[in-house]
Amino acid sequence: MTSLAELCGHVAAANRALAEAGLVTLSFGNVSGISHDRGVLVIKPSGIPCGEVTPEQMVVVSLRDGITEGGLRPSSDTPTHLVLYRRLEGVGGIVHTHSPFASAWAQAGREIPCFGTTHADHFAGPVPITRPLTDAEIAGDYERETGEVIAERIGELGIEALRMPAALVRSHGPFTWGADPAEAVGNAATLEIVAAMAWRTLALDPGAPPIGGALAARHFNRKHGPGAYYGQQV
Amino acid sequence: MTSLAELCGHVAAANRALAEAGLVTLSFGNVSGISHDRGVLVIKPSGIPCGEVTPEQMVVVSLRDGITEGGLRPSSDTPTHLVLYRRLEGVGGIVHTHSPFASAWAQAGREIPCFGTTHADHFAGPVPITRPLTDAEIAGDYERETGEVIAERIGELGIEALRMPAALVRSHGPFTWGADPAEAVGNAATLEIVAAMAWRTLALDPGAPPIGGALAARHFNRKHGPGAYYGQQV
Amino acid sequence: MTSLAELCGHVAAANRALAEAGLVTLSFGNVSGISHDRGVLVIKPSGIPCGEVTPEQMVVVSLRDGITEGGLRPSSDTPTHLVLYRRLEGVGGIVHTHSPFASAWAQAGREIPCFGTTHADHFAGPVPITRPLTDAEIAGDYERETGEVIAERIGELGIEALRMPAALVRSHGPFTWGADPAEAVGNAATLEIVAAMAWRTLALDPGAPPIGGALAARHFNRKHGPGAYYGQQV
Amino acid sequence: MTSLAELCGHVAAANRALAEAGLVTLSFGNVSGISHDRGVLVIKPSGIPCGEVTPEQMVVVSLRDGITEGGLRPSSDTPTHLVLYRRLEGVGGIVHTHSPFASAWAQAGREIPCFGTTHADHFAGPVPITRPLTDAEIAGDYERETGEVIAERIGELGIEALRMPAALVRSHGPFTWGADPAEAVGNAATLEIVAAMAWRTLALDPGAPPIGGALAARHFNRKHGPGAYYGQQV
């Protein structure tokens, strides 16, 4: 079992990796990781640049009551992370960014169509976008409601959360997840590449069709299906 | 009270930070800071690349009569800075750049709509653009008139200058400000990110609507309002 | 005759060069090289980031039966490389990437027109795009069929493969080749530059015409024709 | 008087600066400098990457008969440089690149309109584009004819060559010049910035008007006119 200190180390490293990959500027993003055994999540403190965080600064938050340990305030997006860990099965790490291209799709209110194999290798369908929050949801427990609309949208897909490890929050930006914090960061990086490629594809052909289902399935399954043959056997 | 030497150090560091952030190329930009107590502003010398300036090169300019101390000429934009310090309340640092995306909006003669929360987190509304200068203003005290049209445009918004810490000078480029030079540089960096994201949003949907007022207010206020809960308590 | 160890060194170096040139992210690409004398190709192992590979990790694959030596699995795209070495004459190195602009053209289903001399210097005509794979081809020996459609498309051009050292696989991304692995990497870099330049050209003029045949031939031939006068005499 | 060894040093440094500024990839560009007193120009050797050249590799070419000294072939574009030195007054250094945005304008066959002060600070009007070469010119002394159409186009402007230190060769890419090789490199860097900014401006407003003459003149003259007040007094 991973110790809490190890988890803080992984989460801090994942936050720094996010900055190194150019996915966050200043403090516009955060990574968390979960320990179900201990009933806590570990998350970046609010307002600290991702690229500078240390394991000691990580904030430990109780999954039951949201009470925190340590002297720093957790990310203001912590309630979003809490909802996602509760509602999305198998998720061990969550990332939020305002990465440039994925956020442009979120701002334009469009899901990202699957235009090619780069996308199909990682996401089992178009990357979905949430419905707008109501004014009541915005005025209420805003960050929690943000998690709810993400979970609602992923639920509508009828597939496992780890097969669609990303969603765009409308007018805001992307959340991604994975089996652990490092995988969630990898998905955030891939999402940004896919978002940029799709953006450039539409510029060449505003009516570009998505790829066929057979090709999409073949690519997703060669990496993620039961007969996956990509990568090394562990 | 900050010593004059310390202020020169802050202003030189802010100019170098502008270059390191990729917001200026060569000498296309400048940062200043003010000392109300001493009745002076401190600004980059003209024509020296931002990335190379030292505290000793900074030029000290009297707020009363514009007379300078030191051997180097101040930035040719100094009269613009002087007007802004006089007209915009609470401003302690000012930045001018020709950053790529913000300048494209300025050249297209368009304000930057608030398309998402990255924008709403930092600017209380669309980033405004100034009216064209008249030929008489251009032929006259051009740099002072540039400051006047910025102050005029900000005045029309009817909000505190620090709630809209940026304006686009039409056919030219952005000016940003803040409580001190470092904050003004941060706002220049954020403006460029927001300008690029909005530019990419319009490419996906030329008729993209701005975000709703409730969402915009919620985001601005969680960082800047009286009940702000973003970041660490000081 | 190059030793097998030397070839492994060249192929590993070419994979790392691909990453350093920003043409691949994570493990989204691969380089191989061939030794006809030994009847083998040498290729990157599957799932290992290009930027980190060592000569010792390279996988040696028999051209006759596809059987591999060494403990690691070869790239899942190995069957594509095998077909290309068999079908394209004079090819000693092959590169596959998902580079951003070339992949956008592949996703939009468009060949890259020759809009200028940067293109004409390197490719003897528009960079072709393959036909869609049939569902049967996708369900069958997918990676081999990918090689077949590339070879089919190059065959249709009626020119030597080294005069058109690139093709876009529809809905996927580019393959490039050369006389050796380093030349194939150079062609992958040039293709991406040409793809970006053509993309920006179309944005300025969606109906931009390709350059005339006389100019295209002059440029290609000053580098590659029998009377080539570019570069140093060897 | 600058020694020939010093000029070789300046030209080699300017070639390396071109690569460091990201304006050339591989060997797609070159810089030369002139010594009227000695009747020679000094230029990069053909096919050698700009970023790696040394002063010793520079090729010395006679202005009178084009005969070269030293063991390496000069850039294949040398005849273009020779024409420009003969035809453009006051030019001491010349740069050729295939920089991404300037080349996109050249490929689209459009001059770059003056959309803002960044442009007006450096170029006294739209950056011109040459007419197409005839097939006879292409088949003939192609590189010399390229110089002729540039000089022809600059001649049509009726202004000093140093007031418009750039031209786009249609379907090809930019040439820039200056009083010395370093100034020509600075103009190549500025041209690329201006080309990118104008490209992004058109994306926001395909019918964006150029800036008014009063503003353009004010900016150009504050840097370059007889009453210039930008920079430090020398």
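Note that the chains take the letters A, B, C and D in the order they are written out, and that residue 1 is the start of every chain.
Here, contacts are C-beta pairs under 8 Å (C-beta built on N, C-alpha and C of every residue); 3 or more make two chains touch, one makes a residue touch a chain.
None of these values were measured; they are calculated from a predicted model.
Engineer: Going by the stated contact rule, which chains contact chain A and chain C alike?
Structural biologist: none
Engineer: Please compute the angle of the rotation superposing chain A on chain B (C-alpha atoms), rounded to a multiple of 5 degrees.
Structural biologist: Answer in degrees: 90, to the nearest 5.
Engineer: Centroid from C-alpha atoms only, then distance chain B to chain D, rounded to Å. What do you get?
Structural biologist: 33
Engineer: Could you grab the centroid distance between chain B and chain C? Build each centroid from C-alpha atoms only and quote it in angstrom.
Structural biologist: Using C-alpha averages as centres, the distance is 47 Å.
Engineer: Could you say which residues in chain D touch two or more other chains, in rising order?
Structural biologist: Expected reply: 203.
Engineer: Touch graph of the chains shown: is it line, ring, star, complete or other?
Structural biologist: ring
Engineer: Sort out for me which residues of chain B touch chain D in the complex.
Structural biologist: Contacts found on chain B: 25-28, 45-48, 72-73, 76, 98, 100-101, 103-110, 132-133, 135, 138-139, 142, 171-173, 199, 202-203.
Engineer: Flag every residue of chain C that touches chain D in the complex, lowest number first.
Structural biologist: Listed in rising order, the residues of chain C that touch chain D are 115-118, 121, 186, 189-190, 193, 196-198, 200-201, 203-205, 208, 211-212, 214-215, 218, 222, 229-233.
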